[in-house]
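The same subunit A turns up in both complexes below, where it pairs with subunit B and then with subunit C.
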Partner chain A sequence: MSGLALRGISKAYGDSHILRDVTIEAEPGEFVALVGPSGCGKTTLLRIAAGLDHPDHGSVWLGERDMTAMPPSERDIAMVFQSYALYPHLTAGQNIAVPLAMRDLTVWQRLPGIGSFVPGQRKTRTVIQSRVLETARSLKIDHLLGRKPGQMSGGQRQRVALGRALVRSPAAFLMDEPLSNLDANLRVHTRAEIVELHRLAGVTTLYVTHDQAEALSMADRVAVMMGGRLLQFDTPEGVYRNPQHIEVARFIGSPQINLLTGEVDAAHGVRIGGRLFAEGVEAVPGSAVTVGIRPEALKLGGPGQAGLGASVRRIEFLGSETLVFIELAGSGGALVAKLAPDAATGFGQGQAITIAAASEDVLVFGPQGMRQSVSLPMRKAANG
Partner chain B sequence: MTTRAWNTARALRLVILSIGALVFLAPYVWMLSTATKPREEIFSSSLALIPHQWAAVENFSKAFTRVPMLQLLMNGVIVCTIILVVQILVALPCAYALAKLRFPGARALIAAIMLGLLVPIHATALPIYVALSGAGVLNTYFALAAPFLISVFGVFLFLQFFRAMPDDLINAARLDGMSELGIVLRVIVPNAWPAITAFSIFSVVAHWNDLFWPQIVVTETAMAPPPLGLIFFRAAEAGDDYGALMAATVVVTMPLLVAFLLAQRRFIEGITLTGLKG
Partner chain C sequence: MDSIALPASGRAGASDPAAAARRSETLAGWRLAGPAVALLALLILMPTIAVVTLSLTDFELGYDGIRFVGFDNYIELLGDRTFLISLGNTLTYTLIVTPLSVLIGLGAALLIEAEVRGRALFRTIYFLPVVSLLVAMATVWQYLLHPTIGPVNALLRFIGIAGPNWLGGSDTVLLSLALIGVWQAVGFNMVLFLAGLTAIPRELYAAAEVDRAATAWDRFWLVTWPMLGPTTLFVVTISVINAVKVFETVSTLTQGGPNRASEVLLWTIYQEGFVYLRVGYASAMTVVFLAILMALMMLQYRALDRRVHYT
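Let's look at the complex of A and B:
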């Protein structure tokens, strides 16, 4: 098993820079998700890893092999395309067999008709057939092997595409939004299956998606990209709880993180509109910062309690949770809080409330969007 | 059919289409009719489709005995096959490269192809004739096929067709380990049959019926394709024997007619695919 490393990748088409000095190193067997809004360069990065595009600067490594100048066919990498890209004229079984036939049969053995007279051809074909069947069984598509792509549903085609990638046990897997053409139910189901397949095969995987929930739920580590830059490369928990950039905080999490303008005073208290919101926050004192609080970290209280004055604008009941939309008194800033349904029963539309947050849940971003963070030994001691 | 379906608009449409069909069919029907008439009836002042006296056997036997008809048909088949095979062998990889590969000069080449579409054979006929004559290859199959071996129309048709093929399909093939030639043979060709069929139809129809070029480079009946053979027949043997001439014409048009009836659906597909008229 080998890791996949993209080092210092830059790519520009004319004046538009698609990628700027991106470095992502996936450990052997790791599942890495590349996530970002459309146009952030994640698909270009994947195509560079596959060899379908060439970087202006930087290098691509598979383990100890420098693959930067290697054509795609020699890289031993399999890719699942968003459109599945199955060969329309071949059956599912023939589609899955193609990578094996290309690798294990000689040019003469592959010739139609004549090929069957070349020594060894029959034996290799049998091996390929059994391998195709084995792969199809693991994907539960062995009953579809005789069908052509045009006769299959989107979900079935997607499985055949996975099968074609899995069948030759490649050194690395690349997946370009493989779930985006499936309906919502099937997507959640297939998501779990891909994670399971990855766990069984243990092959290093780069997975491109624009869906942050998909990235968080599937990946060992998540690379958040924006405007051709890698903003953060961390575990799902890391990018969610500890975003290093305001754009990461904004992109990851649903509903979106609440962002308010405020300041950090000399005593590490976060003030919003001049009023104290949270104390003992691990942030550098300064003015004009942006304060981020996840919806589930907001604490709502009755009027008169500590915190900022606000009022309830609207309540959305979603079954397992309830969203409370809040308007800040004075500034009119809008926030959203996520509560357990039981905790939300006390609130009604138009009600005056106060909002507060625990100091460790408050994220402070500087004017350039970078996270402002310092360790406060005092609080560590108090907590310890 | 319900009465609603047989309203006046529908009837009118049918009448107009029928008249159109008659106009286009008339010469062919007249040819068939003439081929079955004896000489006196052809030149008689009365117009009749059905002859009073049948002379079909006589006319057709003249057509087969006085003209080396099988030789003419064979020439047609050989020339059309050479042209079609080479055209496809050249046009497929060429169109693939232009449609799916990025290389310097690709745009200029496509522009050149568009220009090539605008130049008719009549403009280049003389220089090509001089060259073939200089090379001493007049009156050969090669001379008949040479100007048509590379078809810019073929490249253009395939280019348009390949552009519509998804890039990911080709990328997937590259990752599966195929060479560029392998991609053309294993992915492009099996999926390009509609375009290849359409092009084959155009090519064969055009070159089977071509008279202009054979008339320039062929002077011997042994090398003549069918239409030129008919001209020779009229000039040398038939004189005013139109019955025999028409019988020979029926024989010459028969292969295409049979091919059309067998592959009617493909013909229509081909014409709608290219959006061009043949």
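Let's look at the complex of A and C:
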């Protein structure tokens, strides 16, 4: 088993820089998700890993092998495409067999018609057939092997595409938004199956997605990309709880993180609307900062309690949780809190409340969006 | 809020609004299709019926009287040496022109598609013969293929080969006409193939590369050729029809000669119908000509259509 490393990758088309000095090293057997909004360069990065695009700078390594100059066919990697890219003229079985036929049969043996007279062809074909059947069984598509892609549903095609990648036990898997064309139910189901397949095969996997929930739930580590840059490469918990950049905080998590603009006072405390909200921030006094609080970390209290004054604008009951949409008094900033349904029963539309958060849940970002560390616990009484 | 009331359904008879709506929809359908149906009947169906009817008579232009002769014209055709030679020559011509123009057209399209530079220029150059007037270009070919002053034979002499009398010898005339036919058809086929090539999803080539189809040859057989299936079927069909309809070059360059060596179907029909004015007999030939074409097309589509459309 070998790891997959992309080191210092840059790529530009004319004046538009698609990738700027991106380095991602996936450990052997690791499942790495590349996540970011569309246009962030994640698919280009994946295509560079596959050898379908070439970087202007940087190198691609599979274990100890430098693959930068290798064509895709020599890299021993398998790729699942967003559109599945199945060969429409071949049956599911033939589609899955393609990588093996290309690897194990000679040019002459592959020739239609004539190929069957070349010695050794039949034996190899039999081996390929049994391998295809084995793979199809593991994906539960062995009953579909005789069908062409046009006669299959989206989910079935997706499985065939997975089968074509799995069949030859590659050194690494590349997946380009393989679930985005499936309906919501099937997506959640297939998500679990891909994780399970990865666990069984233990093959290093790069997985591109624009869905942060997919990235968090599937990956060992998540690489958050934005505008061609790698902003953070960390465990799912790391990018969620400890985002190093405001864009990461904004992109990861649903509903979105609450962001409030504040100011750093002379004592390195963050004030929001004049009220002290966090202390001991590593930022220049007088500079503007942004405070981030996850919706589930917001604590709502009755009027008169410690915290910022606010009012309830709207309540959404979602079954397992309730979202409370809040308007800050004075600034009119909008926030959302995620509560257990029972905890939300006391609140009604228009009600005056106060909001607070535990100091370890407060994330402070500097003017450039970089995370500032908070060294002292936030003061309970916000009387500033 | 008001609730919406649905009138009781299931009432039969003329007063049923659903049935009335269906009728008016059917009527609207016919009204919309009307112009096309009328034109089809007027321009295609009626002339065809007229030809078939005429082929059963002894009608000659300029002579009074028309007599129904049944299948006499067709029986005469079976023993007509000129017609049989003509049939054979047309077959030979088609068998040369179709595969060559399809393969060269495909090759040109692949080469042009593979290289961005000069794409428009090469496309235009290859397409020129299609838009040029063949009757006018025939004189150029007559000069090029002239046995003594023609550049083709001059070139052959240069490398020590005595060139044949291309258009004048009964052994070479059909081949020469076929080469002109290929020259004319390649550009059109190329444009059709170019259109077919741009419709192939790029991701299939990416998938093929990742699937270890390392060489262009492998990727051609794995992706390009099967994905071009519908285009190829169409190009072959059009090429066969055009080859069977060869007329201008024969008419301007050889007049069916020498010694009937370039006698082709349309030329023979033209001679019978417009020179000898035997309209009935020419009509019978036309019917045979149409029957052959239709049989070919049906065979082609029955045999191949299922194998080139994959959904």
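By definition in this document, the second predicted complex is superposed on the first by the 356 of 384 C-alpha atoms of A that agree within 3 Å, B and C clash if a C-alpha of one lies under 4 Å from a C-alpha of the other, contacts with A are read in each partner's own complex, and residues count from 1 in each chain.
Rule of thumb we're sticking to: a residue touches a chain if its C-beta (ideal position, glycine included) is under 8 Å from a C-beta of that chain, and two chains touch if they have at least 3 such contacts.
Just so we're clear, the structure is a prediction, and the values are computed from it rather than from any experiment.
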item: Joint occupancy of subunit A by subunit B and subunit C, clash or fit; value: clash
item: Which of subunit B and subunit C A:Ala69 touches, first, second, both or neither; value: neither
item: Which of subunit B and subunit C A:Leu318 touches, first, second, both or neither; value: neither
item: Which of subunit B and subunit C A:Lys148 touches, first, second, both or neither; value: second
item: Partner chain(s) touched by A:Leu52 [first = subunit B, second = subunit C, both, neither]; value: both
item: Which superposed partner A:Ala184 touches (first subunit B, second subunit C, both, neither); value: neither
item: Partner, of subunit C and subunit B, that touches more residues belonging to subunit A; value: C
item: Common interface residues of subunit A - those touching subunit B in one complex and subunit C in the other; value: 47, 50-52, 71-73, 77-79, 81-83, 85-89, 98-99, 102-103, 164
item: Residue numbers on subunit A that touch subunit C, as the complex places them; value: 47, 50-52, 71-74, 77-79, 81-83, 85-90, 98-99, 102-103, 107, 110, 112, 148-151, 164
item: Subunit B partner contacts - residues on subunit A that touch it in the complex; value: 47, 50-52, 71-73, 75, 77-79, 81-83, 85-89, 98-99, 102-103, 164
item: Contact footprint of subunit A on subunit B as seen in their complex; value: 166, 168-169, 171-179, 182, 187, 190-191
item: Footprint of subunit A on subunit C - complex, ascending; value: 201, 203-204, 206-214, 217-218, 221-223, 226-227, 229, 310-311
